[in-house]
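Have a look at the structure that comes next, please.
So that you can tell them apart, the chains are marked A, B, C and D in the order they are listed, and the count of residues begins at 1 in each.
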Amino acid sequence: MTPLTPTSSDRAGPAATVDLAPLRRAARPRALEFAFWLLPVAAWFLFPENLALLTQIAITAIFALSLDLVLGYAGIVTLGHAAFFGVGAYAAGMLSAKLGIGDPLLGLVFAAAVSALAGAITSPFVLRGTGLTRLMVTIGIGMMLFEAANKANDFTGGVDGLQGIEMTPLLGLWSFDLWGKTAYVYAVAVLFVVFLVARHVVGSPFGLSLRAIHMNAARMPALGVSVDARLTAAWIAAAAIAGIAGALLTQTTQFVSIDVLGFGRSAEILLILILGGAGRLYGALVGAIVFVTLHHLLADVDPEYWQLWIGLVLIGIVLFARNGLMGVVDPFERLLARKETKR
Amino acid sequence: MSKFSLIACTVLAMSGFGLAAEAADPAPIKIGVIASYSGPYADYGRQFDDGIALWLDEHGGKLGGHPVEIVKKDVPGAAPDLAKRVAQELVVKDKVNFFAGLDFSPNAYAVGAVAKEAKIPAIVMNASSSAITTQSPYVARVSFTVQQVSDPMARWAVKNGITKVYTIVADYGPGADSETAFEKAFTANGGAIVGKVRAPLSSPDFSAYVQRIKDEKPQAVFFFFPSGVLPPAFLKAAKERGLEEAGIKVIATGEATDDSYLEATGDVALGLITSHHYSYAHPSEKNRKFVEGIARVTGKKLRPSYFAVAAYDGMAALDGALAKTGGDVDGAKVMEALKGLSFESPRGPIEIDAATRDIVQTVYIRKTEKVNGELVNVEFDQFDKVKDPAKQ
Amino acid sequence: MTVVFDGIASGMLLFLIAVGLSVTLGLMNFVNLAHGAFAMFGGYVCVVASGRWGIPFLPAVVLAALATAALGALLERLLFRRLYGASQLDQVLFSIGLVFVAMAIARWGFGPAQQPIRLPAWLQGQVHLGGLDIGVYRAFLVGLGLAVAYGLHRAIGVTRFGARLRASVDKPDVARGMGIDVDRVFVVTFALGSGLAGLGGAVGVELLGLDPSFPLRYLVYFLIVVAVGGSGSIPGSLIAAILIGVCDVAGKYWMPQIGAFIIYTVMVVMLIVRPHGLLGRK
Amino acid sequence: MTPPVLETRDLVKTFGGFTATDGVSLSIAKGARHALIGPNGAGKTTLVNLLTGFLTPTSGSVLLDGADVTGLAQHKRVARGLARTFQINRLFADLTVLESVALAVAEQMGVGRRFWRPIGRHGEVLDAAARLVEDLHLADVAHRRTRDLAYGKQRLIEIALALAARPRVLLLDEPAAGVPTSESRELFAALAALPADMTILLIEHDMDLVFRFADRISVLVSGAVLLEDTPEVVAGHPLVREVYLGEAHHV
């Protein structure tokens, strides 16, 4: 009983019959993506009076991207993600209000670092359980942080919010204005950078392993992967990004309110991501755009009962558009992919 | 996007033909009202609307000779990032002349910052955190501060022979403010705080706290909770444990017997002694007309609360200020004119402090009683010209 | 000792509302975050029945439970059943949407204010039993909680219906093959879960209050009970609810400074020590 | 005789009161084709789980190349050259075949933690993955999603994932289970083509495959080794015929 052909993986040279092009191509940006990133530029000209709202969308999008990393890719369902958003928001706020350091970029870096630390501290607790248990631990951590911020009234400003934050001009050139121009450009630029990073991460071997863990975590150790180590890394990275989003909110509004840590924010960002479609990055962006805009319009049209409409929209999406809004493009994408393969 | 922006309530001048000699109407004044119109606190927005609508109804829809346009913005609950954004939009998009409303303190802080930057006066019609007016020079308050209504309660208690008090407040900023103000006034007048506790806002079950209070045997317990869910929950627990029978008096600030919630609170509130700046049962001619007027403009039999009266007074204050500036709506001039303004409100005489832009008013001590089958706050003692103690 | 009794009583109330969620989430594997909305519905039915129609308190509570069960059955037929096969995330999204709609409807129908409930005289006040001050209503809650726990435990753990339910959830196809009407089992179970929520909501008005924001305000507490107790375990939920109630009340009495932390700390510690809950199935 | 590559000493695993593995001492030589047979419930898969670290033994030890690895985590044993397949497919439903294999290859090459360069630009990973895909006759479905493939093809992915780890010791847990006869030829060919110096422990119900493939067989009954010998001896053993082969042939 001896083998008839040489060993598989020891054979040298490329394989003749397997086309590697589709995998190679996946890394390249597509035309539609360029078109998408023209949207924020177009918005600048089309809605000059709504820059504050647009800034809010950009910040929400960053937060949603962060959640997409842990939920959409790594598969950790969390209802406590506001914890890191809030830690970032307070970190940036304290840096200015308590230490008098008002440089926005420095604040971002500081907030990202502090949030990453918070992520590192919480990860063993979160990764311990699964399913409902894990979900409840994330809620518990979020709630405890909220209560802690409320208790530390004198330090955080409690429910009245942290006052006295002043931002120095961005790069020493542009100060934050009432129209929100600087804030908008700043937020969109940060969003773009975060998106690029996220896009690289999810397309890398690390990102592939996260998706694989999501699909079948039990198999991963048999491939030589420490699941906990990967999830911890993803958790910390997502915490840092959430912290950046929180810091941006602090810097563009120049105060911190305690609701940055609230359960409502955690629940809302989860809704936004699922609405847009989890596990595809653009779902996070589209979800943020649609949800915040919808919320804004409905609250304007019908301030008393907008919740009813939001609720109906959510139910409708689940019943008729299962994979979120981005799920709608799936059939087209597959069609496109098939054409490309044939070519 | 602007076509979606709904101007919910537009009150234009009803210029009579008899006044044809007058030149064309001056430009309308735009007021951005930021308040809760949805969610659990939607009643606040409605009360503001009622107060504003009544004042405009009584004054031919004009403010300082200008027609008025109200732009309502929904910021439900404490959501300062939203409030800030909305305020920015009101400035750059709707180009409002004044901010008004502001039910929650965090929102008022956020809007105060915008007001300062845009030099647009903001009239706080409820938010009661003391430092709001200190933070921004473009903020004037016509409502009250937590300290302002807590302090007289302490002085009244001492005056009536209560020297040992246990305090329980909601564990958040205003709760802490109330606790501090009460303790300061109480101990300064010779009383002693035998125990104090801050209960979490989310806590619906007060039995443990009440048991603790009962075991401590103070002469009275003073509590401060935001109006709504918590005061009735506390009162129920107090009744169930028999605090009254154990000889422990229950005193509180007026949030406990907020007119909007008093009927729902029910008989557990009977006999409760509270301190506040407005009761809809305030016995004055001005208030009688006010209550009737609210019923008239809304067509409903709802009690106006301190929100409605502050909104009404906020309009009166702006009108008074515009009378001083001769109709000039320039922010700095209006702010200057607001300082030291005093007039008669349905709640009694009020004044906007010239130095702090905060309100100076009478604080009443009331007892909850049943009058004609309805629970009302009956005023029986008062402290005149109370300033915000946190600013002294 | 009074403190411990109070803790047990508030735990019982928590159990009464949350046990319905243990049924839908734990046994049927449906992440029904709209559970609080059903409880709220029961509360409003009870308030209207006893306040406006003058029905005595106890029949009003029963009516609330039945009405909520009927509503649950209706919604199961119309909506929930479409989502049994869906991912948990979709179920979360759907049920949160339902919560928003329910809150808006409640506000439209009843306004944002708290709803008053008047207890009959025999349920008010306190009795003194050997140095213990026992609130009559709390004693009532404890009794009701124990009765519900026992009844449910019997119904699901021992009867044929329980066996069918477990079969239907674990292997619906096999169950169908065995001649079990799976659809009917699900609708009955869902109605049961909803009815329990309605019952809990009705008796909870007195202590928890009732207004349109009820479904979200207490959602986390319900989830805690189910998670700590172990998904689908009725005795587990009971023990968890009592544990949380006692820790919460005792904590507030002896360490009021850290009152708000206690419930979450207990939960996180419990879940780290026992990730599958006290009596959960793996 | 070469020293054993994989060895167990008095391995015991109990679940509550039930003893699933009862004092198993195995010794598998380098390059061996060792089969493990036994009736259902004999504890075969439990033994594999103990060997790979998916389960921790109640007592006894596992040695890999003479070193005690009893307490070592699964993924660390993989790094030491011990890979396995699963009795029931454990695959990545939404990944394509090539992606799945590339994932495993990337881990073997130690680039699995890299988070910047896209997988599509890791040429060495792609080439190795493509070769594996080709060798296992999966080239025509390389870009199809795993969930869309027939079971037989999915079995091949199982093996490809294990081979991607470049194991020195490979544990095959019923590789032919659930594969219809019409699709089993490719599978048998793939197994036959495994390199000679690779040590293989095979669990299998298909006796044809076992006797064609194995040069040594252990019979496991009720968690304990009943007998270990060459296929000829095992096939002729009366006890084996009674407890196992007889039963299997009647199915």
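Keep in mind that, in the parts below, a residue touches a chain if its C-beta (ideal position, glycine included) is under 8 Å from a C-beta of that chain, and two chains touch if they have at least 3 such contacts.
Please read all numbers here as calculations on a predicted model, not as lab measurements.
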item	value
Chains contacting each of chain B and chain C, listed by label	A
Farthest chain (mean CA position) relative to chain B	D
Pair of chains joined by the greatest number of C-beta pairs in contact	A-D
Chain with minimal offset from the mean of all protein Cα atoms	A
Chain centre separation in whole Å, for chain D relative to chain A (CA means)	39
Chain centre separation in whole Å, for chain C relative to chain A (CA means)	33
Distance between the centres, which are taken as Cα means, of chain D and chain C, whole angstrom	48
Whole-Å gap separating chain B and chain D, where each centre is the average of the chain's CA atoms	74
For chain D, residues contacting two or more additional chains	none
Touching two or more other chains - residue numbers and ranges from chain A	147, 150-151, 304-305, 307
Touching two or more other chains - residues of chain C	107, 260
Pairwise touch network: line, ring, star, complete, or other	other
Those chain pairs that satisfy the touch definition	A-B, A-C, A-D, B-C
Parts of chain B lying in touch with chain C, wherever the complex brings them together	39-43, 171, 197-200, 202-205, 207-209, 211-212, 228-229, 232-233, 236, 240-242, 260-261, 263-266
Complex contacts: residues of chain C adjacent to chain A	25, 79, 82-83, 86, 88-90, 92-94, 96-105, 107-108, 216, 220, 223-224, 226-228, 231, 260-261, 264-265, 267-268, 271-272, 275-277
For the chain D and chain A complex, residues of the former touching the latter	33, 52-54, 73-75, 78-79, 83-84, 86, 90-95, 98-100, 102-108, 111-122, 125-128, 130-136, 139-140, 142-143, 161-166, 192-196, 198, 212-215
Chain A contact footprint on chain B (complex, rising order)	1-2, 4-6, 8, 37-39, 42, 45, 72-74, 78-81, 84-85, 88-89, 91-93, 105-106, 109-110, 113-114, 117-118, 129, 131, 135, 171-174, 176, 200-201
Residues of chain A touching chain C in the complex	71, 77, 125, 128-130, 132-133, 135-137, 139-141, 143-144, 147-148, 150-151, 263-264, 267, 270-271, 274-275, 278, 304-305, 307-308, 310-315, 317-319, 322
